[in-house]
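These notes open a run of structures that come right after.
Look for subunit A in each of the two complexes below; its partner is subunit B in the first and subunit C in the second.
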Partner chain A sequence: MNKYNFAFFDEQSKREIRRALLKAVAIPGYQVPFASREMPIARGWGTGGLQVMLAIVGKKDVIKVIDQGSDDSVNAVSIRKFIQQMTGVLETAETSEASIVQSRHRVPEVPLTGEQILILQVPIPEPLRETEQSELRAKRLHAEKEYSGVWLSLFEQIMKYGCTATGADHPTMVHERYVMSPSPIPRYDNRRLNDCAALILFGAGREKKIYALPPYTKVESLAFVDRPFVSESMHGKICRLCGAEGVFLDESVQAAGAGPFYECNDTGYCRQRQSSKSRLDRGEQSGD
Partner chain B sequence: METNEGAVLSLQNFRKQFGSGCEKCADLDERHLQRNYCPNCRTTYACADVSLELYGGEILGVVGESGSGKSTLLRCLYFDEEASSGEAFLQGYKSGQVNIFTETGQQKRYIRNYHLGMVYQNPYMGLRMSFSSIGNIAEKLIAAGGRSVDEMTGRATSLLHKVDIPPYRFLETPATFSGGMQQRVQIAKALSNNPPILLLDEITTGLDLSVQAKVLDLIKGIQRELSISMIVVSHDLAVIRMLAERTIVMLDGKIVEQGLTDQVLEDPQHPYTQKLVQSLL
Partner chain C sequence: MKVDYVHSVQTAYRKLLDCLAKPGTMHSLRPESAALDLPVACYKSTMMLMMMFLDPEVSFHIIGRRKEDAERYVTQLCGARVSPLGEADFVFVLKDRDQGALIEAIQASKLGDLVAPHLSATVIVEVEKNTAHDELLLSGPGIQWVSPTSIITDAEFVDSRAAKNVEYPLGIEMLFVDEDHRLFAIPRTTTISKVR
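Right after this comes the complex of A and B.
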């Protein structure tokens, strides 16, 4: 039924991407160039993450694909379907069941284990891009560990807005060596990259870069000594569907003057909590 | 290499060439060169074996026509371009024992951030036009390891006060400033780390006379107050006469005359200097 090779790519292509991945794992936070392929989806729609996924996925893997926390958004569904068609592997919405999670701009709420791999899609892998447009010079700055440009961007935000205004993609220092763009995950997720048990791979298809965080890598969010790093405050907010507290929530506005309401951003996590809650409720009822 | 007693900067046989050079022009023999250009291998010698000393607290003027290698000299000293050969020693860096031209990129950056300040002719070279004025000054402080927002804004504000930028414009971008103001922000940036040496490249060119006077006043004041040594490059003899105690005259990449500014201007020896002084309006 399938005229394509397993996982879409020919073996040579997979090998080239895997080789870049190995180098990326060996030098945490360092951007490894790779020969980004033309994909059946447009560049900028997750081709980096997809290529990493196709290069490492095996027949026994169980995959989960999310787009900003959601399993059901168009991007997540089409990527998941594509991988599924090209490999025939099982798919899941539950983080704990997946062996590989491909994600656009979120780290799942359920803590990842050493058995799992997280793949993050990256639009702009170069944290120095704002202050240094030349790729060559940016590479040199990385080599010399010269990150004034990144700090300057943060400083400028404080001057303009009174605080660092990175809504997402707050730059991080990896293993005290390379400054890395964590991909546009919310600041809430930054600290969850630190000392993470799972292997985390980053793929930027349009920019042709791969980088990685091996398990238990030190990841620090950059902050000035007198302006500590703060993540989004979810204080006092509760998911209206599952009642979760202290997780990353989406704010929605109701019509006609009613206050905003909140829902878990990670839909898989939320659904799992809802179903276990209803199971619990049923259990109590049958016990009466 | 021994350095001269008291020189904060000592430059020896500095050469900057564009092109590979050939057997004929390697010794810079004038018979084989057309001015500073070798017709055989098409190499241009922007600076041909320049040696000079800069002493503590003095202002050294460098004059010469355009293309004489003045700016190249500064750009190489500030590591914007790489020197082809020669040696430079800074008194404040490794006690003047190490040739700074052969240091690693990281060390050069360190020297730039801690020992040198540069003001370019064109503010677009020295400033980030889309960043706030405070941010521009903080850039140099950050590069020198500054990680405290309050300290850096404090330092930047006091410097901007010093160069007379109105406080309500501190957070604006230099792109919205007049040429004279941009130049003053550049000077504030160059001063941010208290560098012992300041390099000034045609800083008043293109400014109107009253603004020129303001900028020159500022420079003179800074020198008196902080006793920073400076190299001032200019083709404007009036600027040199006002600022510099000692002057070097460059032509075709070589130093053709040097001495006390008054001496050079009142009693020029080299034909080129004579012509230069004569053409003064």
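Right after this comes the complex of A and C.
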């Protein structure tokens, strides 16, 4: 650890990212270009989020890193270990204890507070990329608030499938100005970006872009008046481990003949509920 | 300089990030800047912001009666380029400015363009006092309802800033520091209305 500066980066690298972050916060949903340094993990594996984290993290922070809701996946563990080795900060799996949460493709189930910062890793930050390949033309379209291509793409999905077919990364309108990719979070999480109490920072290392949502910013998922935005339905499904309902669940298939079962996607949340439940159970038993 | 540069700038930056993300929030930079001992005729917290922002990749402009000395020293310290007001990435408006200089700085600072609105200036203003009185009401992203505040400086700055930021997403960010190290930030998205 001593071979490196605090938080891995030299101070000039941090300064460049910090300047980009300030402009990103000042223009919600607008993609600010940044230099995107080489990192000890490959681009596309969370280098954008990692760079944002290293530019802002301090000695007193407590960090949580999750990957698709899991604290224990390879990506989450390696990023968390790297940050911890480069800074010596404390780490946690409990969302409420963390001052900075870095996440790949999920917003934690526990509501975030105004004292917390959520960093989302972004593979493709440009919501117009599917309809406009040129970076320069895409920037011009953003400048002119010309989003017909995105609307047409959603319209085509409805014509083809009867509904919008964005499994994740459903485009959003931020502060009534910029169409923004919310990163590949499930549609369930899109609503939770709107008016969120926490500051949300997005880092795309491969595409060299940073953008942000300040707290209490209006974030609307794109939808038509007669085809409202619909998130994944968890109706009637229960986590088999903690009994949670109405949260984002993973579906797993059992052996032939048996139906599917469900577990909370956010493993930290699920474990917290399980330990509360077992404490309660123990309390009830001792009360007998 | 008796300052732990790496960690002082980091904690000061997080306070600034919080101020900018939640306009109306005020933080004290005293723990980070009080120990700064540099021969520049500006507030110590302004110096901290200079160290936070400036390096050879960006340009700056200082407005104040002893600007030449300050510019020379800051260039040597940070390596940033001195630019004309209309081209500078960071504009520092010091306490010993001439009357009307703040309004001139707001009017002349660069705005970027619609393709690259992030290329606008950030204007750092030294003021008499930042307080939480309810002379101004702030609304916009980062503010749950409305946020009351009071910045004791040139009264016309509210109208000049509104005129400058009229075509969102074009606009400038304004940071205010006072002698007691209090920091306050207003991004371009914030609407300021005066309490009558």
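Brief remarks follow.
In the analysis below, the second predicted complex is superposed on the first by the 287 of 288 C-alpha atoms of A that agree within 3 Å, B and C clash if a C-alpha of one lies under 4 Å from a C-alpha of the other, contacts with A are read in each partner's own complex, and residues count from 1 in each chain.
We adopt the following convention: a contact is a pair of C-beta atoms (placed from the backbone, for glycine too) under 8 Å apart; a residue touches a chain by one contact, two chains touch by 3 or more.
Here the structure is a predicted model, which means the values were calculated and not measured.
Touch criterion not met for A:275: it reaches neither subunit B nor subunit C. Once the two complexes are laid over each other on the shared chain, residue contacts for A:85 go to neither subunit B nor subunit C.
Contacts of A:113 after superposition: neither subunit B nor subunit C is touched. Residue contacts after overlaying the shared chain place A:214 against subunit C, while subunit B stays out of touching range. Of the two partner chains placed around the shared chain by superposition, neither subunit B nor subunit C is touched by A:252. Between subunit B and subunit C, more residues of subunit A are touched by C. Contacts of A:23 after superposition: subunit C is touched, whereas subunit B is not reached. Contacts of A:140 after superposition: both subunit B and subunit C are touched. Judged by the document's definition of touching, subunit A residues 140, 144 lie at the interface with subunit B and also at the interface with subunit C.
Residues 5-7, 9-11, 13-14, 16-18, 20-22, 52-53, 55, 57-58, 113-118, 122, 141-144, 168-169, 171, 173, 187-189 of subunit C touch subunit A in their complex.
Taken in their complex, subunit A has these residues touching subunit B: 131, 140, 144-146, 148, 151-152, 155-156, 158-160, 224-227.
The residues of subunit B lying in touch with subunit A in their complex are 105-106, 109, 128, 131-132, 134-135, 138-139, 142-143, 147-153, 171.
Those residues of subunit A that touch subunit C in the complex are listed here as 5-7, 11-12, 14-16, 18-28, 30, 32-33, 56-59, 114, 139-140, 142-144, 175, 177-178, 197, 199, 212-218.
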